[in-house]
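In the two complexes below, subunit A is the common chain; its partner is subunit B in one and subunit C in the other.
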Partner chain A sequence: MFRNLYADTRNILLSRGFHIALRVIAIYQIFYFLLIKIVFIFALKQTMAAEEVAFIFANIAAFLVTAATLYISEREFSNGCIRNKIISGVRRTDAFLSAVIGGMLQGALYAMFACVISTVISVLFTGGYMTFSPPEIADYWLIITMACMTIGAFSTSLIMIFGGSKICYVIGLLIAFVIKVTNAFVLDALYPTKGFCKLTGTKLMAYRFIDRFIPYSYLASEPHYDMPSYLIGCGGLLIISVVIGLIVFNKKELS
Partner chain B sequence: MEYIFKAKGLSKNYGKFAALADVNMEIPKGAIYGFVGKNGAGKTTLIRVMTGLQKPTQGTYELLGKAVDDKDISRARRRMGAVVESPAIYLDMSARDNLIQQCLMLGLPDYDCVDELLSMIGLADTGKKKARNFSLGMRQRLGIGVALCGNPDFIVLDEPINGLDPQGIIEVRELILKLNKEKGITFLISSHILDELARVATYYGFIDKGHIVRQMTSKELREECRKSIRMKVSDVGLLTKVMEEKRIDYKVVDSNTADVYAELNFSEVAKDFEKVGCTIINMQERDESLEAFYLSLLGGNDNVQKSVC
Partner chain C sequence: MSNLYKANMRRILKNSIFVGGCVIAFVVTLAFTANLMGFTGRFEEMGPDRRMVFVSVAMLAFFTIFVPLYTNMEYRYGVIRNKILSGYSQKEVYFSHLFSHFTALAIMMLCYITGGIIGGARSPETLVISSLVLFFALCGYIATMMLVTMRIIKITLVSIFAFLILETSYVSVMVGNALMAFVLKGAAQDVGRIVYNCFAFGQWLVCTGLTDDVVKPGAFVQIVISVAVSAVMIGITTIGLNKRDLQ
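Up next is the complex of A and B:
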């Protein structure tokens, strides 16, 4: 298991998809910062607060982590490397768990990289944080990291369940897109800018559930629940992905 | 005889379609086993079952002495390498990195074998060039190199020379022969290029519609494909009498037909036959290639006539 995990980690770090994802994160954050900076300098004529740009990674995190993990895992399948592992005597359970942990690792690395870029930009080019305290900033990044790790694991298990089929790109990205759109409605209904929340009964429960326990939602707004809720949400999706994935992958006929 | 792989009553169904039906097959240790069959005959399915990618619907097999349901089968698989359909390589890594990756996965204590393997597969001078930029032949050789990590006892190659140029084919062939001779590695090679297979294989297995039609040694195959004259005569008993007297090697096919393995002086033979009262009805020179033998065994008799010299 561990030697396989080591080999998988090495593969991730050397793969083109991983490096492209890091570049996208850096370029997105820098360009977004420059754009906002221009607005603040020329239009608003104010000093920009760090909050304006600090957590912008969360906007693209679900799509980026999904796309990158799907790409790297799918390539392992299409290049025959998963097949080679089984042929070389790696147990299916080990191969699956190692891939899922690899997906989590990718999610964590992307979030950490984004955090570093964000910190550099915030410290050097903004007026500093106005509303967030250091523990809140740390909490926010922790929740982003946890959500990215869970999305990475979920996407990887999708690939393993579907045997490397390209359909996973559609499913994975569609889920990210649908939840992103749903979240806009959910947040709007739960926390309206004018007036109070008008939701009641089952609808309220469903909206709350999405907001509270679906890790994709954690990237849509600032943290507003307690840490156990986030842990339950991330842990729940992770357990579901692993259990279903293991059952399917262990019975799967590989070609 | 010690066998690397033994299948007994192996079947594999996809819904109602039987890809493998009651396959019994043995691969002797140290052999280069040429696995021959048409497209869709069941070659790749058998390889997939053998390598653990798919489970058999029925039957059982033993790999390196471990039964398919043995807990230690995955340990046995670690003594096996395979290139199934396409080489299993990481395109974002160099040849060296790919071999190190496989060493890591197998849990080898060091990477001492990597340099030797790179030289063996002729990729020692590729440096940091990514596998993505390799030619098809280089990828194929790298795939074989990956399969060779950890000194396996058994290597499965599914269509190993597909898409290779003549130089690449020669290199792969020489590599297989070298590994078999020097390291005693047993090979299972599935290929459509029969003439090429005939240059390396020491055993053959012919598969058709999921059944193993025949298994034979290369010696037996040579015997089958030996240059001969097929003689159709009025009485094969009289023919054998003449052949015995003349000490000529022959094989009786049926009551009227025999294959004679010698250069014959026809006028002399005709006289000898006349003496004993045997009439020659027909004579045909035969020189079957593996291709012709394959076609005669697995159907397509029209083609056989064309292939027989």
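Up next is the complex of A and C:
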């Protein structure tokens, strides 16, 4: 188990996909910061608050984590690595769990890297946080990290379940996109800019469930629930993906 | 090239993803247009015609998946090399795929329109003009997808880039809505309107009638923009395509 986990972790940390993802995070945050800075200097002529640029990683987090885990984990199937592992005596459960842990590790590292860059930019080049206190900032980053880890695990689990078929190339990215679009409607209905929320009955419950317990939606807005809700959401999706993944992967025919 | 096109069409018509997509296009359009699920509120008030246009966005998602998965098969098992050995150029291979995807789109549009008519859509504006606008907009989108699919060989990367385009067009259109409504004025607004309609997603949103009036350039202009987008994408894809080295 641990030899396999070590090999997988090493593979992730040294892979080109991982390095490209880190670069994308850095370039995205810096480019976005420069753009907003120019708007503030020339158009609005006022000091920029750190909130404007601090948490923008959340906008691309779901796509980036899914794409990176797809790029890195899919190779297991396309170059026959997974078959070699099983031939050399690694149990299927161990191979699956180490891949999922690798996905979680990626999610955590991307979020932490984004946090470091965001902190540097906020401290050095902006007027500081206006509405967020330090515990709230830490809370926000903790939730982003948790959501990224869960999405990484979920996406890797999908790849292990559908690996070898064409579906695995699109399913994770499609889910990320569909939930992103759904979230826009859900947030608009739950917290309308004008007036009150008009939802009732099962629709209200369904919308609140999406807003409260689906980790993808934690990236769509600021944290507005208590920590146990976020823990239940992330833990729930993690347990579901590991359990279903283990059942399917243990019975799967590897081609 | 017509042989390649015919071969592609035969394979597409037997492709389970495409056949499933057409069935879904028919059933889902019928279900949403006739409101069989009994939605209430804003969706119910839209009426059958606008509901029909609203669900057509699923075709955008479908071709994001179908074009990369189908065309990338060229690069597996040496298919494209065999075609080149038998005398076809890479451009011919590209155009055969492009036109077969356009035909596939036309077939899917027919399923969608049939579902809409049975579901209760009656307005000629929706059935003819909106469908025509959407057809050309999706042609432009398919040409964009073909650029990624033809130029990138590794399927994982193709899939990532295809979804990146989908996400980018979604985000751009959402940002565009705010910019067009509150920030841009005068000539900048005219340019913004054209850029907004370069995205198939934007054209779909205009057709649904959910957007502000400032982003509506009229059906004819939309079609012209779509044709221009397709032409540019085809141009970018085919530059130096024949000289590309294949392993």
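FYI, the second predicted complex is superposed on the first by the 252 of 255 C-alpha atoms of A that agree within 3 Å, B and C clash if a C-alpha of one lies under 4 Å from a C-alpha of the other, contacts with A are read in each partner's own complex, and residues count from 1 in each chain.
Note that a residue touches a chain if its C-beta (ideal position, glycine included) is under 8 Å from a C-beta of that chain, and two chains touch if they have at least 3 such contacts.
Only a predicted model underlies this, so the values are computations on that prediction, with no experimental measurement involved.
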{"item": "Partner chain(s) touched by A:79 [first = subunit B, second = subunit C, both, neither]", "value": "first"}
{"item": "Subunit A: partner with more touched residues, subunit B or subunit C", "value": "B"}
{"item": "First, second, both or neither for A:3, with subunit B first and subunit C second", "value": "first"}
{"item": "Touching partner for A:89 - first (subunit B), second (subunit C), both, neither", "value": "first"}
{"item": "Touching partner for A:170 - first (subunit B), second (subunit C), both, neither", "value": "second"}
{"item": "First, second, both or neither for A:208, with subunit B first and subunit C second", "value": "neither"}
{"item": "A:63 touches, of subunit B and subunit C: first, second, both or neither?", "value": "second"}
{"item": "Touched partner set for A:11, first subunit B, second subunit C, both or neither", "value": "first"}
{"item": "First (subunit B), second (subunit C), both or neither touched by A:253", "value": "first"}
{"item": "First, second, both or neither for A:181, with subunit B first and subunit C second", "value": "second"}
{"item": "Residues of subunit A defined as touching subunit B within the complex", "value": "3-4, 6-7, 10-11, 14-16, 75, 79-81, 83-91, 253-255"}
{"item": "Subunit A-touching residues of subunit C, taken from the complex the two chains share", "value": "41, 61, 65, 68-69, 155-157, 159-160, 163-164, 166-167, 170-171, 174"}
{"item": "Residues of subunit A that touch subunit C when the two form their complex", "value": "59, 63, 67, 70-71, 74, 78, 166, 169-170, 173-174, 176-178, 180-181, 184, 198"}
{"item": "Subunit A contact footprint on subunit B (complex, rising order)", "value": "48, 51-55, 74-78, 80-82, 84-93, 97, 101-102, 104-107, 146, 150, 156"}
